[in-house]
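In the two complexes that follow, chain A is the common piece, with chain B as its partner first and chain C second.
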Partner chain A sequence: MTHLELSHIRKAFGPAVVVEDFNLAVTQGEFISFLGPSGCGKTTTLRMIAGFELPTAGTITIDSTDLTNTPPNKRNVGMVFQSYALFPNMTVAHNVGYGLKITSKSKTEMMQRVHEMLALIQMEEFAQRYPFQLSGGQQQRVALARALAIRPKLLLLDEPLSALDAKIRLELRHEIRRIQRQLGLTTIYVTHDQEEALSLSDRIVVMSKGKIEQVGTPTEIYNAPATEFVARFVGHINLLPVTVLNPANGVVSLGRQTLRAGRFGQLNGRPVQLAVRPEEINLGAKPDANTLNGEVESVTYLGSIVRIGLRIEHHPLSLDVFNEHTLKLPRISETLAIHFPVDACWLMEKSD
Partner chain B sequence: MGRFSSIRVLLCFAVPPRCKGTNVAMSTSPPPRYRNNAWREHPLWNWVGLVPFFLFIFLFLIIPSLNLFTGAFVTNKGLFTLENLSVFRNPLVLKAYMTSLQVSLLTAVIGGLFGFFVAAAVALGHPPRWMRSLIMTFSGLAANFGGVPLAFAFIATLGRTGFVTALLKEVCFAGPDGTQICPFNPYDHGFSLYSLTGLVLAYTYFQFPLMVLTITPALEGMRKEWREAAANLGASTWQYWRDIALPVLTPSILGASILLFGNAFGAYATAQALTGGSIPLVTIFVGQQIRGDVLGNPHEGYAMAIGMVVVMAITIVAYSMLQRQASRWMKV
Partner chain C sequence: MKAQPINWWAIFWIVLAALYFFLPMYGTLDFSLRMERNTISLKAYEIVFADPRFWQGFRYSTLMALITIIVSIILFVPTVYWMYLKVPQARPIMEIITILPFVIPTIVYVFGLIRTFSRPPFQLTLHALTTDMLIVAGYVVISMPFMFRAIDVGMRALDVRTLTEAAQSLGSNWFQVLVYVIVPNLRVAILSGALISFATVMGELILASFLVRPALAPYMALLGLTKAYEPAALAIISYALTWVSLGLLQLVSRGGTTRQLTGR
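Let's turn to the complex of A and B:
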């Protein structure tokens, strides 16, 4: 059943249109991420759901109630901000209990809920501290508890981890997902970090220039990107300009070398690219796979993997190999044979 | 370090007597690094930049204050006495203190409130940039526009023959009983620029811009996310101001208020030029005593000035206590 529905949302600031024809239906308990580069309209969309911005056109409904013009303090939507936004003059307990105080809950009920929330974020012993006495990660956990304390219909998170260091970010990411699953709360998460979106979400909405590029599960987004933008933005991808030799079976040529794509839809005569992820490419030649020869341009250590940069028919291509102890790395300028399975690559029309 | 050693060596060559006991050959060999730099790391060097400030304070605050203090306890002949303090038994002097306190409190409150609203409009109302610049520039100017020019400006506008008074005389107003009052002469309705009301009005002219200047940065420091987070938790605008904005701003408001109070309490020239000394203020009494005419007793003036210092000291102590209470969430 649809819990949140955004229908034909448009937002313009003067002549600048920042969100255009945004449509999305979210079911109860779903974890949705808005993913896209800065300025793509993801935060504006989130702020419209929270009520901080009014859509220029379109409707926002929660549980079939139209909330498009409802003020933010009447929506019962919890929000966690990038900069925590804890009230500096209140202790942790007062911050968490503030929403309950506003709704005139009894002191006993308020105390009980605050303890419950602090237990949820495992910060009971910090109840009497002020925000300035907490680390960034702790502050964000308190902000999460504060947003959850009012039992919101919907939880909105606006890049909540981007101000934190990598280790804390990873810890908190798991904690957010654990709490969200535990409470079965519908959650919208804004991020520009693809790894965060892929690891947390039930579905991802990839946005660019105010429009939705693709909505899908992390697997769909990564393995079957709908557009060149999604393919380039999510993960690393090789896009080789090829000439279609046989549209019926996906046979293409790259210079003098012939390849076959496992997936190819309807081709409309526009320039075509062969897409393949670096991790799908292996060293050496193989008879029943696409095999190419190229010159080694770079070898980059990335910890558990090594990224090898090649130039094939004047086009760059990179492949990832596991950094195993038996690995013999190629030398720069060495000619190297590589192969990738037919099923692991697809044809994609070049976007404008 | 090397630079200083080189200078020393050069001096040895240029001025031989300086080389007494100095082995030039040894000096030319590279000395251990930082050997002579210890003096530069002495904590006293951290204070060097503040020397002009301390000198200024010493010459124009400490010495005059000591002079004031000692002057309050000596006779014209320089003998120790407590007789000057008897000035505080004079009902006129006590009334002057009360009037000064009244004017200072009133103008601090009126100027503070008005200034706060103007500052809030500037900081939170998102006016065009040119408007913000205009208001801030005006505030900077008006906050320092006191004394005789201010008094003259008010006399020229709201004095008995001021142009605003003249204008008002041409305008008809509805009276309390519905009758038309035409022309309206404010001086026929209890207003006088040369009264306490007029003085408060004139003081407000430099008090509210001072509030605008001091409180605008604090208001601009209020984070938009606090307001949004409060709204998100169900708070109305009023609840946000009551529970978050005002408590956060309280230390700044207290600081600005004490500044406004002190600004009015110590003002002299505006009151003197506007009312000609007809309104009893402590500063006017002190001025009368130390002006040097035959009726004056500068030592009594010093005693009254000491009284002003005591009033300000009590105010500052009260302010510090309130400030500590209001800003406990900022303490490390």
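Let's turn to the complex of A and C:
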């Protein structure tokens, strides 16, 4: 059942259009990420759901109730901010209980809920501390508890982990997902970090320049990006400009070398490129696979993997190999054969 | 570790500045204690404290100062808050407006007030109560640069927009945001603005004397014309008032600023 629905949302600030024709239906309990570079309109869309911005056109409904013009304090939508936004004058317990105090819940109910929320984020012993006595990660957990305490219909998170260091970020990411699952809460998560989006979400909305590029599960987004933008933005990708030799079976040529694409759709004469992820490519030649020869340009050590940069027919291509102890690294300028399975690559139209 | 060499020039300038500042004060204090020949006494102070006009002036000015502070807070906290939230581009205009009381001489301002409000249709100077309303309005304007700046600085240390949005998403309306979130976090700023306004109003002469109200400063001026030792004693008393205000200011700002600045 559709829980949150955004239809034909448009937002313009004067002549600048920030969000254009945004349509999305979210089911109860779903975890949705808005992913995109800064300025793509993802935060503005979230702020419209929260009620901090009003859409120029379009409607927002929660449980079939039109909330497009409802003020933020009447929406019952929990929000977590990048800068935590805890109230500096209040203790952790008062911060968490704030929303209940406003809705004039009884003191016992408030205390009980605060206790429950602090248990949920495993911070019961911090109830009497002030925000300035907590680390960034702890502050953000309190902010999460505060947003959840009002039992919101919807939880919105605006880049909640961006201000934290890598280790805490990872910990808190799992924590957010755990709590979200436990409460079965519909959640919208804004991020520019693809790893966060891929690891957390049920579905991802990839945005660019105010428009939706693709909506899909993490697997769909990564394995079958709909546009060149999505392919480039999510993960690393090799895009080789190729010439179609046979539109019926996806045979293409790259310079003098011939390749076959696993997926190719309707080819309508526009310039196309062959897309393949670096981790799909292996060293050495192999019959039945696409095999290419190229010159080694760079070898970059990344810990668990090694990224090898090649030049094939004047085009760059990179591949990732696992850093196993038996691995013999190629030398720069060496000519190397590589291969990748036919069904691991696809043809994509070149965007303008 | 090498010891820091003593900077003699710095010490020289500090001593010089201290002398410049404290010598006249010491002179006044010394003079105020010499009302009785060949002995140190508090006679001048006794006379001042025994004078009902002093107490009347003191009470009147204190009351006016408190009303001024309340009016200023009610006027400026929401205004500055709104400016931060909705019209940050209006800031330069606000800066200029709030600095006007420094630029326009009080005497010019008072004549303006009298010319406008003592005539029909207002005729505010006909009754004591309406004159007091006029004087409070005047004091609010005179203390505006201090009040505005204090609140402005406090507001700048807060992430006003995000705090407001956080409170709104938790169900607060504008009034609740202001009362529960913004004002408590501006406590220090509001108090410092209030104390400076208090000191300003307590020492304000021109407005009170032209509107003929029994404030403290006109009494001091009157005393200065006719007496020798008592004005010196009064000067020390008003110094003490200012210093108590400043001391209180130090005391309140120590408790809160660190939390305010780091708690965002």
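Note that in this section the second predicted complex is superposed on the first by the 352 of 352 C-alpha atoms of A that agree within 3 Å, B and C clash if a C-alpha of one lies under 4 Å from a C-alpha of the other, contacts with A are read in each partner's own complex, and residues count from 1 in each chain.
Assume a contact is a pair of C-beta atoms (placed from the backbone, for glycine too) under 8 Å apart; a residue touches a chain by one contact, two chains touch by 3 or more.
These numbers were taken from a predicted model, which means no experiment stands behind them.
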item	value
When chain B and chain C are modelled together on chain A, clash or fit	clash
Which superposed partner A:119 touches (first chain B, second chain C, both, neither)	neither
Touched partner set for A:285, first chain B, second chain C, both or neither	neither
First, second, both or neither for A:78, with chain B first and chain C second	both
Chain B versus chain C as contact partner of A:332, first or second or both or neither	neither
Where chain A meets both chain C and chain B, residue numbers	50-52, 71-74, 76-79, 81, 83, 85-89, 98-99, 102-103, 130, 132, 143, 146-147, 150
For the chain A and chain C complex, residues of the former touching the latter	50-52, 71-79, 81, 83-89, 98-99, 101-103, 130-132, 143, 146-147, 150, 156
Touch list for chain C against partner chain A, complex	158-159, 162-163, 165-173, 176, 180-181, 184-185, 187, 258-260, 262-264
Chain B contact footprint on chain A (complex, rising order)	50-52, 71-74, 76-79, 81, 83, 85-90, 98-99, 102-103, 130, 132, 143, 146-147, 150
Residues of chain B defined as touching chain A within the complex	223, 225-226, 228-236, 239, 243-244, 247-248, 329-330, 332
